[in-house]
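Please read through the structure below; I'll follow up with questions.
Each chain gets a letter, A, B, C and D, in the order it is written, and its residues are counted from 1.
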Amino acid sequence: MSVLTVIPVLIPLCCAVASLLARRSIRLQRKLAVAGTAALLFAAIGLMTAVLHHGVLCTQSGSWPAPFGITLVADILSSVMVMLTGLMGLAVAIYSLASMDEARERSGYYPLLHMLLAGVNGAFLTGDLFNLYVWFEVMLIASFVLLALGGERAQMEGAIKYVTLNLMASALFLAGVGILYGMAGTLNMADLSLKLRDTGHHGLITCVAMLFLTAFGVKAALFPVFCWLPASYHTPPVAVSAIFAGLLTKVGVYSLLRVFTLIFTQDIPYTHTIILWAAGLTMVTGVLGAFAQNEFRRILSFHSISQIGYMVMGLGLFSPMALAGSVYFLVHHSVVKTNLFLISGVAEKLGGSFELKKLGGLYSSSPVVAGLFFVVAMSLAGMPPLAGFVGKFILARAGLEAGQWVIVGVALAVGMVTLMSMTKIWGEAFWKGSPGTALPQPPSRKVLVTLLVPVAFLAALTVLTGIGAAPLIHVALRAAEQMLDNSQYIAAVLGEGMR
Amino acid sequence: MSDLILSTATRFLMPLFLTFAVFLLLRGHNEPGGGFIAGLVAAAGFALYSLAYSPGRMLQLLRVGPRTLIGWGLLLAAVSGLPALAAGTPFLTALWAKLHIPGLVNLKVGTPLIFDVGVFLTVVGVVLTVVVALQEEED
Amino acid sequence: MENLLALVIGVLYAAGIYMMLRRSLVKLIIGLALLSNAANLLIFTSGGLVPARPPLIARGESALAAPFADPLPQALILTAIVISFGVMAFALVLFYRAAEEAGADDLDRLTSTDT
Amino acid sequence: MTALPLAVLSPFALSALAPWAHARLKHHAGWLLAVLPAILTAFFGSLMPLAASGAPASFRTPWVASAGVMFSFHADGLALLFAVLISGIGTFILIYAGGYLKGHPQQGRMFVFLLLFMGSMLGVVLSDNLITLFVFWELTSLTSYLLIGFNHEQERSRRAALQALVVTGTGGLAMLAGFLLLGTAAGSMELSEIVEKGDQIRSAALYLPVLILVLMGAFTKSAQFPFHHWLPNAMEAPTPVSAYLHSATMVKAGVFLLARLTPALGGTPEWEASLTVFGAATMLAGGALALVKTDLKQLLAYSTVASLGFMVMLLGIGSPYAVKGCLVFLTAHALYKGALFMVAGAVDHETGTRDASALSGLRTGMPFTAFAAVLAGLAMAGLGPWLSFIGKELALEAVLGGGNLWLTAVTVLTSASFVTVAGVTGLRIFSGPPSAAPKKAHEAPLSMWIGPVWLAIKGALLGLMAGKAAAFLAPAVSSVLGRPEQMKLALWHGVNAALGLSALSIALGAAAYIGWDRVRSAGRLGDTILKWGPDRLYDLSLDALSALARGQTRVVQSGYLRYYLLAVILTVMTLAGHALYSRGEPPVMVSTVPVTAYGAAVALMIVASAIAAVLLDTRLGAIAALGGAGGGVALVYVMYGAPDLAMTQFLVETLTIILFVLIIFKLPRFARLSRPWSRVRDGLISIAAGGMMAYLALVALHVDLHPPISSYFAENSVPAGFGRNVVNVILVDFRALDTLGEISVLGLAGLGAYALLKLRLSGRKAV
C-alpha cells in the first residue's frame, strides 16, 4: 500500500529518463508522454482511493524511520494535488502531440515535461521540509528550461524575470529551512509540528514563518511578489503555459497550506491575518491587471494571480469550510485555467493571433470551440452551476461565518470583474466579426480534434464538478479536517506513540 | 605554443584526474569524497582534454555522448532504489552484499554505491554537456 | 566567532542584493551567486559551529564521538551547493542568450513582455 | 414529487436536441419545440389545485448538503402562476422565433438559448432552496447575455448584452451575500421554511443588511431606477427575446423575488419605504421616457420599466389590495406586453422599420396583427373589460387606501402614460392611410401572429371570466401574504374614487396621445436626461475601472526586474522585521566559539571580496572577487569540520568561474547604467536587508529549542549504513531522495543549457 506514495514520483521520473535515453525517437517519446501521464493519472486515482479508505499513507524512504530519513506522506490534500498533476499532465501531453513544434520536441521537451511532473508530485508528497526544497528546485529547473526552450526573445525576457525571482524565493526558503533546523533540530514536518508546538519562542518562529510566507508567496504569485508571472506565462508555447498555469503556482499554494496548517500555527491571529490581507490584495491587483490587458494569454495570466487570492483566502480564514473552499478552488482553478490556456492555443491556430484585436469571428466559424470556451470562461468567472461558482460560494459562506465581510465583498466584486474580462475575450475573439485576415494554413481536422480532446474533457470536468459538486466537496471537507486536526498526519508519519 | 604546453600537460594530467576521480568515488563512503566530487574531478579531466584538443576528440575518447551520460546517471540512481521495492521494502532501501575475494578485496557492496555511481555519471555528463556546448559556441 | 560570521552573512546578503538590483545581467548573476553563498553560510552557522571535528567515524569505531560537527546541515548545504551550481550554470547560459537576443546586457531593455 | 424537477430540467434536455431539430426542420422546428412548453403549461396548471388546497407539490434531494444546498422545488401558488406564464408564453415565443428568424444561419442557437432560458426561469420560480434559486437566477442572466448579444457582430448588441450582464450580475452577487445572511438569520436555506420565520428574521440584527443586499438583486433584475437603463438597451436583441425575457418573464424575476420574500422580509418601515420610493421613481422615469420614444420597442421597453416600478411599489404597500392588484396587473401585463412586443416585431419584420412616427395604416396589410394589437392595446390602456382593468382598479384602491397622495399622483400619471403608449403601439400605426414603409406591408406568417392573437384574447377572456382568474390567482396571493386569502375579482366595483382616478388617467393619456407629436418635441429634456443618466454613468464607471486598472498595472507590473526584486526584498523585510520587532527577543550577543586569528582573516577575506565584487568596475575583477568570497566560505567549512563541503565548494566555485569566463567575454562591458540616487537608495536598502539577515542570524544562533536529530546519523552510519563518512551516508542513503532530486536538477540544468545554446527559434513562430 505504502508504495503508492512513491509511484507518482517514480513514474514521471522514469519516463523522463526513458525519454532522455530515447532522444532520437520522437515517436517513442510522444507515445511515452501519453502513456506515462495516463499511468500517472491511474496511479493517482489509486493513491486517492487508498488514502480515502485507509487514512494518511506513508513511506519511510530508505526504511529509515521518521524523522531521520525522508518520509513521503499522502494525506487527502496531497493525493488530491497528485491527482491534479496526473490530470493536467495527461491533458497537456495529448495537446502537445498536435501543438508542439518538432524543434522543441527534439530538444528535450518531453523529458522536461515528465521531470516537471516528477518535481511537482515530489513536492506534494514529501513530508520533509528540505526535501520539499529539493523538489521545488526540480520543478523550477524543469520550468526554467521549458519556459526558455526555443530561445525566442520574448521567452528570454520572461525567463529572466521568472528565474531571478524564483531563485530569490528559493534562497529565502533555504534560509528559512536552515534557521528552522538550527532551532528545532529536525526537518520532518510532522516532527517540526510537534517540536514547535507550545514553545514560547514566538518571535523567531513567526519571523521564519514570514520568510516562508514570502518564499511561497513568490511561487504562488501573491501580492506584491507576483510580478514574474504576468511577465513570463504568456511567452512559451501554449502547452507549456497551460501546464504552468495548472500546476506551478498551485505548488506554492499547497506549500502555504501545508506549512501554515502543520508547522506555523503558534500565532494564528498574527500570521493568518497577514495571509488574509495578502489574499484580498492579490485578488484585487490580479483582476485589475487582467482588466487592463488585451491579449488572450496575458488576461489569463493576470487572472491566475487573482484566483490564487481565493485559494489563499481560505487559508487566511482558517476554518474547516474555508480550507475546504481552498482545496476545492485549487482543483477547480487547475482544471479551468489549464483549459483556458489550451483554448487560447486553439484560438490562435484558428485566428492566427493571441491579440484580441486581431481575432474575431470564431463564434460563427467554430461553434464548438466557442461553446467550450464559454462554459470554461464562465466557470472561471464563477457563474453557476459551474465549479467556479461552487468554490466562490463556499469561500463566501466561510467568510461570512467568520464575520469577515470585507474579504467576502472583495471576493464577490472580483468575481464580477473576472466575468467582465472573460466577456471581453468572448466579445472580441468570438462574437466580433472576423477581422478578415486569411490564415496562411488553417489547421487540419486531425490536429484540431487532437487539440480539442483534452479541452472538451477538462470542460466536462468543470461542469461535472460544478453540478455534481457534492463528492468533491466532501473530499475537500475531509482534507480540511485533516489539515486542522493534524494528529492523524503526525501519527501516520511518526507512529502512534508520538502524538 | 600554449596549446602545445596544454596538450602535453593534458596527456599527463588526464589519467591522473580520472584515477583520482575513481579513488574519490570509491572511498567516498568512508572518507571525504563521493560521487559528486569525483564527478567534478573526472569532468575536469575531460574538460581539460576538450580544451587542449577539441570537443570532437574529447567526445571520441568519451565514446558516449555527454547527454546520454546524464540519462544513464539518472537511470542508475533511480533504478538503484527499485530492488528495494521488489524486496517489499520502501523505495531506496539499501541492499548490501559482501564482496569477498580473499587477499584482495573485502568490502561491502550495496545499492547506495550504485546510487553514488549514478551521481558521478550525471555530474560528468552535465559538466561536459555544458562545456562542449559553450566551446562549440566559440566557433 | 558566531557573531563575526553573522556579520559576514549580513555583508554577503547586502552585497548580493545590491548586485541584483543593478541593471546589468552579469551583475545580477553575480548577485545571485553571492546570495546563495550567504544562504549556505547562514544554514551552516545556525546549525552550530564545532571547530575541527568533521563527522568522519574513525576506522574501527562504530559511532561518532561527541562533540562533532553536525553532519546533517553539511549534507543539506552540499545538496544546496550542487543545486545552485546547476541552476547557476543554466542561468548563465540563459542570461548570455538573453543578452544576445536583446543585443545588450541592460535589463531595462528587457521589458517588452510585461505590459 | 419527481415530476417537478424533471419539468424544470426538461427544457435543458430539449435544448441539447434543438440544433439537431433545426438542422432537420429549419424554421419549422419552432413548432415542434413548442410542444414541450405547451405540455409544461398544462402540467403546471394541473398542479394549481394542490397549491390551492394548501399542500403544494414539492421535491427535495441533497445537492451539496454539506454547504446547505438542496435541490428542492416547491410549487405553491406564486410559483405556479409564474411557471404557467413562463411556459405558456414560451410556447408562442418558440413558434414566433421560428418565423421571425427564418433563414437566419444561427437560428438553431436561438432555439437553444430560448430553451435554456426557459428552464432557468422555471428553476428560479420553482426553487425552494435559496442557493438553487440563485443558480437558476444567474443562469437567466447568462442566457439573457447570449440572447441580447444574438446579433453579435454589432458593437451595440455586444455592449447591451454586457451591460445587462454586468448590472444584473452585480446585483446577483449582492443577492448571493444577502441569501447567505438570510439563511443564517433564518436558520434554514429553504424558502418554504424561511417564509414561516418572518418575525424571527425581521427582528434579527442581520435584517437590514439582508434587506439591502436582496433588494440590490431584485432591483437590478427588475430594472428599477437607477438600474433601469440596461433594459431599453437590451432591445438590441431580436424581438422574440425582447418579448419573452424583457417584458413577460425575466425582468419580473425581481418582482417575483420580492413577492416571494414578502412574508419573510416585508411589512417593516424599511421595506415599505424602499420599495415604494424606488418603485415610484421607476414608474415616473419609465413612464416619462416612454412618451418621447418613437422606436416601437423602445416605447414598449420604457413602459415595461414603468410597469415593473408599479409592481414593486404595490408590493411595498403590501396590503391585500395591493398584493392582489400587483399579481393581477403582473399577469395582465405579461399577456398584453408579450403580445405587443410580438406585434412590434411582426411590424418591423414586414415593413422594415420600427419607427412609430413613420408608420400608419397597417390594418389593411396586416389584419391579424392589427387585431391582436388593438386588443392588447386596449388591455394596456386599461380600457376594455379585460384583466388589466381589474388590476388597475385594485391597484388604485390600494394606493388610495395607503393614503399617500404622492403615490396616487404617480400612479395616475403612469397609467396615463400607458394609455398613450398603448395608443401609439396598438392604434396609431394601424389606423389612417397606409404609410410609405421601406417594405410593403404584408401579413406576417401564421407563426408570427398566432402568439399575439392568442395572448391578447387570453387577457381579454380572463377579464371577462373574472371568477376563473380569481381562482387562478388566489393561491398566489395567499403565498405572498403568507396566509390563506379569499379572492374575488369583479369588473365592476361601482362608482368610486378609483374609478374616477382611472377615468382621469385615461383622459390624460388620451390627451397626450392626440398631442403625441408635441409631447415628443417637448421631450428633448428626456433625451438630455438620458445622455447624463445612468447609462452614461455606467460607461463612466467602466472607463474609470479601466483607467484604474491600467494605472495600477503600469505601477505594479512595470517591466523592470529590479523593482520586482525590490518588492520581494521589501516584503520580506517588512514581514520578518515586524515579526521580530513585535514578537521577538533581542539576540544573545555571546559567542560560544572563540574568534581565532585565522577565522578573523577568513571573515575579512569574505567581506573584502564581497565589497570588491560590488565596487569593481571590470567584469573579470568582479568575478574574481566572487571567487574570493566563495573560497572564503569554503575555508569556513574547512575550519568547522566540513571537508566534503569545502571540497565541493572549491570545485564548484572553480567551475563556476570557468563558465563565467567562457561566457562573459561575449557580453558587453560593464557600463554605469543606473543613476546615482538609485545607487544610494539600493545601497541603503541592501545594507538594511543585510543587517536584518545578520540580526536574524544572531537571534537564530542561540535559539535551540530541541537537540538536533543528527546523533541518530552518528550512531547508525556504520552499523546500518556501512560508511564512515557520515555526510556521504546521509547523501546516498539516509537522505538519498534529496540527492536523487539534486542530480535531477543538475541533469536538467545541463540539458537546458545545451538546448538553449543549440535551439534558436527567434523569428520563427511556434505555438
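Heads up, the rule we're going with is that contacts are C-beta pairs under 8 Å (C-beta built on N, C-alpha and C of every residue); 3 or more make two chains touch, one makes a residue touch a chain.
Please read these numbers as outputs of a predicted model, since none were measured by experiment.
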### Query
Counting C-beta pairs in contact, does B-D beat A-B or the other way around?
B-D
### Message
Roughly how far is chain B from chain D, centre to centre by C-alpha average, rounded to an integer in Å?
### Response
62
### Query
Whole-Å distance, chain A centre to chain B centre, using C-alpha means?
36
### Task
Please report how many Å separate the Cα centroid of chain C from that of chain D, as a whole number.
50
### Message
Taking the mean of the CA coordinates per chain, how far is chain A from chain D in Å?
### Response
26
### Query
Where in chain D do residues touch two or more other chains at once?
553, 557, 559, 561, 565, 643-644, 648, 652, 655, 659, 663, 666, 693, 697, 700-701, 704, 708-710, 713, 724-725, 731, 733-740, 742-753, 756-758, 760, 762
### Task
Specify, in ascending order, the residues of chain C that touch 2 or more different other chains.
20, 25, 28, 38, 40, 42, 44, 46-48, 54, 56, 72, 76, 78-79, 82-83, 86-87, 89-90, 93-94, 97, 101, 107, 110-115
### Query
Out of chain A, which residues touch more than one other chain, so two or more?
13, 16, 20, 61-62, 72, 130, 134, 137, 141, 144-145, 148, 151-153, 160-161, 164, 168, 175, 179, 181-183, 227, 230-231, 292
#### Entry: Topology of the chain contact graph, where touching chains are joined (line, ring, star, complete, other)
complete
#### Entry: Residue ranges of chain B touching chain A (in the complex, touch as defined)
67-68, 70-72, 74-75, 78, 81, 84-85, 89-94
### Query
Where on chain B does chain C make contact in their complex?
30-32, 36, 126, 130, 133-134
### Message
Can you tell me which positions in chain D touch chain B when the two form their complex?
### Response
643-644, 647-648, 651-652, 655, 658-659, 662-663, 666, 721-725, 728-729, 731-733, 736-737, 739-740, 743-744, 746-747, 749-751, 753-754, 757-758
### Query
Considering the complex alone, what residue numbers of chain A touch chain B?
2-3, 6, 10, 13-14, 16-17, 20-21, 23, 59-63, 72
### Query
Okay, in this complex, where on chain B does chain D touch?
28-37, 40-41, 44, 47, 66-67, 70-71, 73-74, 77-78, 81, 91-92, 94, 96, 108, 110, 112-113, 115-116, 118-119, 122-123, 125-127, 129-131, 133-138
